[in-house]
Each structure stands twice: as C-alpha cells, then as structure tokens.
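To keep things simple, chains are lettered A, B, C, D, E and F as they appear, and every chain counts its residues starting from 1.
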Amino acid sequence: MTDIWLPTLVTDTPQAGFELAITLSRRGVKYTQPDPEILKRLRPIYSEDAKALMAASQIVAINFQTIAAANNYWRK
Amino acid sequence: MTDIWLPTLVTDTPQAGFELAITLSRRGVKYTQPDPEILKRLRPIYSEDAKALMAASQIVAINFQTIAAANNYWRK
Amino acid sequence: MTDIWLPTLVTDTPQAGFELAITLSRRGVKYTQPDPEILKRLRPIYSEDAKALMAASQIVAINFQTIAAANNYWRK
Amino acid sequence: MTDIWLPTLVTDTPQAGFELAITLSRRGVKYTQPDPEILKRLRPIYSEDAKALMAASQIVAINFQTIAAANNYWRK
Amino acid sequence: MTDIWLPTLVTDTPQAGFELAITLSRRGVKYTQPDPEILKRLRPIYSEDAKALMAASQIVAINFQTIAAANNYWRK
Amino acid sequence: MTDIWLPTLVTDTPQAGFELAITLSRRGVKYTQPDPEILKRLRPIYSEDAKALMAASQIVAINFQTIAAANNYWRK
C-alpha cells in the first residue's frame, strides 16, 4: 500500500471526521488481513453477526476519539 | 448518507451530550452495516443478548468520552 | 426519557464519581435496550455470567475515566 | 455501600496506584453484582478462564490509566 | 528481543504513524506469544475469523491513538 | 506482593516503555489470578488461542498508552 490515503487528520466538520474514522477502521482491517478474497468472505460475517458488528463499531468509536482530538473537537 | 446529522459535538448539558453519544453509536453501526433489512434483523439480537448489549453500551461510553472532552466536561 | 438524570459530571468525592460512573453505565444500557421486561430478563445473565459481568465492569471503568477527568481527578 | 473506600485517587508511588486500580476494578464488579454468593461462585470462572481473566485484566489497565493521570504519572 | 525496533514514536505523516501502529500491534502479539511456530499457526485464525480480526484491528486503533498524540496529531 | 516492581513509569526509550507495558500487563494478570499453578495452566490457552491472544495484546496497548503519556511520548 504505497498510495497516500491519510494525508491529514484534520477535517472541516465533525461529520467528515466521523467518516474519516470509518476509513481508518477499514484500513486497519485491511492491513491486518490484506487478502481481498478472504476479506470479501468475512465481510458478511462481521456485518451480520451482532457481536462482530459491535466490535467493528467500537473501532470506529476509538478512531473517532483520535480524530476529534486532532481537530480540537471542531470548537470554534 | 449526505444529510448533515453531526453539525457539532457541543451540547448544552451533559445529558444532551450523553444522548448525542447514543446517536454517534447508532450511526457507527449504520455505517458498518448500511442495509436496513439486516440491521432490523440484528437489532433484537444485540439488544437481547447480554454480551452484545454490553458491547453496544461500551461504544456509548467511548463516544461519551469524546463528547464530554469536546464540551470541556460542561464545567462552568 | 425526558427527566433530568445527568445535570452535571461534577461530584464532591472520587467515590461519588465512581457511583456516578455506575449510573451512567446503567443508563447507557437502558438507552440501548429500553424495554424494561427484556432488561429484567437479561440482568441475571449479565451479572451471573463471568464474561458479561467483566464487560459490564469495563463500561464502568470507561465512564469513570470520563468523570475523573471532568473533576480534574479531585486534586486539591 | 456507605463506607468510604475511595477517599482519593492520589498515591505515593506508581505501584500503590496500580494496586488502587485493582481495588477500583474489584469494586466495579461488586457494584454490578452485589450478591456475595454469586460473586463467590463466579470468581473461579473469571480467574481460571483465559478470556474472562484477560477481560478482568483489561479493566485493571483502564483504571490504571485514570489513576496514573490523576497522579500526573508520578513525575517529579 | 535486543534489537532496536522502536527508536521513536515520531513520524512524518499520519499515514506513517498508522503504519507504526500496525508494527506496535504486531510486536505486542509477538511479546505475548514469542514462539514463531505457534504464531504462524494462529495467524490464519485471527485474520480469517471475523471476531479475532476485529480484535486485532482494535489494537491498531488503540496504538494509533498513542502515536497520534505523540505526534501532536501532525498539526501544522 | 511486597517487593517493589514498579518504582517509576519513566523509561529512557519508547522501546523500554513498551517492555514496561508488557510487565504491567503480566502483573495485572497475576494480581487477578495469583495462583501460579492456575496461571501456568492458563498460559498455553491465552497464548495459543487467537482471541485470548488478541485480548492479551489489547492490554499491552492500553498500558503502553499510559506509559507513553507518562514519558511525554519521549519527545525531545
């Protein structure tokens, strides 16, 4: 993965920051399991199994903490 | 999802912040599993299974950390 | 839930803060599963199953982090 | 529980802080499951089952974060 | 492990920081299970089982929090 | 445990801090399950079972957050 997919943690709005948290979460999964075939096979499991879905959503929440802090919580 | 659902992390009260943490948590789940049919099928599981319910509540706690910090803990 | 149950994160003592963390944790569970009948059925499970009990206690620990920070750790 | 068991988060040393984190973790479990009979029955499970033991140890790590911050990391 | 594999937490870009978070996560696993034979046997499990994959990705997210803070979020 | 095993959170390098995070994690497990016989029996489980290994590695990541903050991220 030599493409630049994360040039900055700064976003204009909290919502854009939340979407960046989703991106970070997906990238973390991809780095851990880079094989696209296996990922494709797993996706239905972790998005249809309640506990795996909760675990995936926890990762989003942790990454949003990081991004929100990076943006100083978009305070004006 | 192009609607604006998260214009700010600032809330008037801690309780409103807690409710925003619930909203964030639900949105994170929806981004991970956008199919409303599957979500509807999963909801009874993760809200009636003790471990999945605990996992969902952990996400709320993590998001409340973020929102509380954003509001400087509503200190006066 | 329109009653005011969280007017402030500030408490007089660390122990009162810890008890508020318990309250927050219970509220998070209630928001996720508002049906009191289902909750009543689940309570014996998550408080008698070792892993669910640990998960519930993790939520308390995360909420206590938030409340302790809000109170500037009750430093004098 | 009306006894005072948490008068302060401040400790003299990191090690005393770590031990306080253990105390906090045990209290969190007790507040969640106050029945001493059930707790006694669960203790062998969560301390002999690898996954429950790891979950219990995570709570200690989270509480140690809080206490370490409260003590400004015992920096001199 | 006497080689120097972590001389600094500082990276030039957020993306390099994210990759360092992956490295930290792998090292943590290796310190916990240093036997390369067992690790090799486990790798297909934790990268092909949805829940173990989510758990691995959570570690990355936690380590990225640390590294992002260390880099002051690469703010300019 | 009356020996002094944690005199300070300060380390010279990030790598030494990471190793201290391992020590903290092991101590937390030992405080939770002090019986060395049971621990010996559990070790092969939590280091050979993918999910328990991930849980153990999460504890390391959480403790490294604490130690990195204590060392002000070894910034110069």
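Operating definition for what follows: a contact is a pair of C-beta atoms (placed from the backbone, for glycine too) under 8 Å apart; a residue touches a chain by one contact, two chains touch by 3 or more.
Being a predicted model, the structure only gives us computed values, none of them experimental.
Comparing the centres of all chains, each the average of its CA atoms, the largest separation from chain D belongs to A.
Comparing the CA-atom centres of all chains against that of chain C, the greatest distance is found for E. Inter-chain spacing, taken between the CA centroids of chain E and chain F, is 15 Å.
Each chain gets a centre from the mean of its Cα atoms; for chain A and chain C, those two points are 26 Å apart. Each of the following residues of chain B touches two or more other chains: 51, 55-56, 58, 62, 65, 69.
Interchain contacts close the chains into one ring where each touches exactly two others, per the touch definition above.
Here the chains link up into one ring; start at chain A, go to chain E, and the full order comes out as A, E, F, D, C, B. Chain contact summary for the complex, chain A toward chain E: residues 4-10, 24-25, 27-29, 31-33, 38, 42, 45-46, 49, 51-52, 55-56, 58-59, 62-63, 65-66, 69-70.
If you check the complex, the residues on chain C that touch chain D are 13-15, 18-19, 21-22, 47-48, 50-51, 53-58, 60-62, 64-65, 68-69, 73-75.
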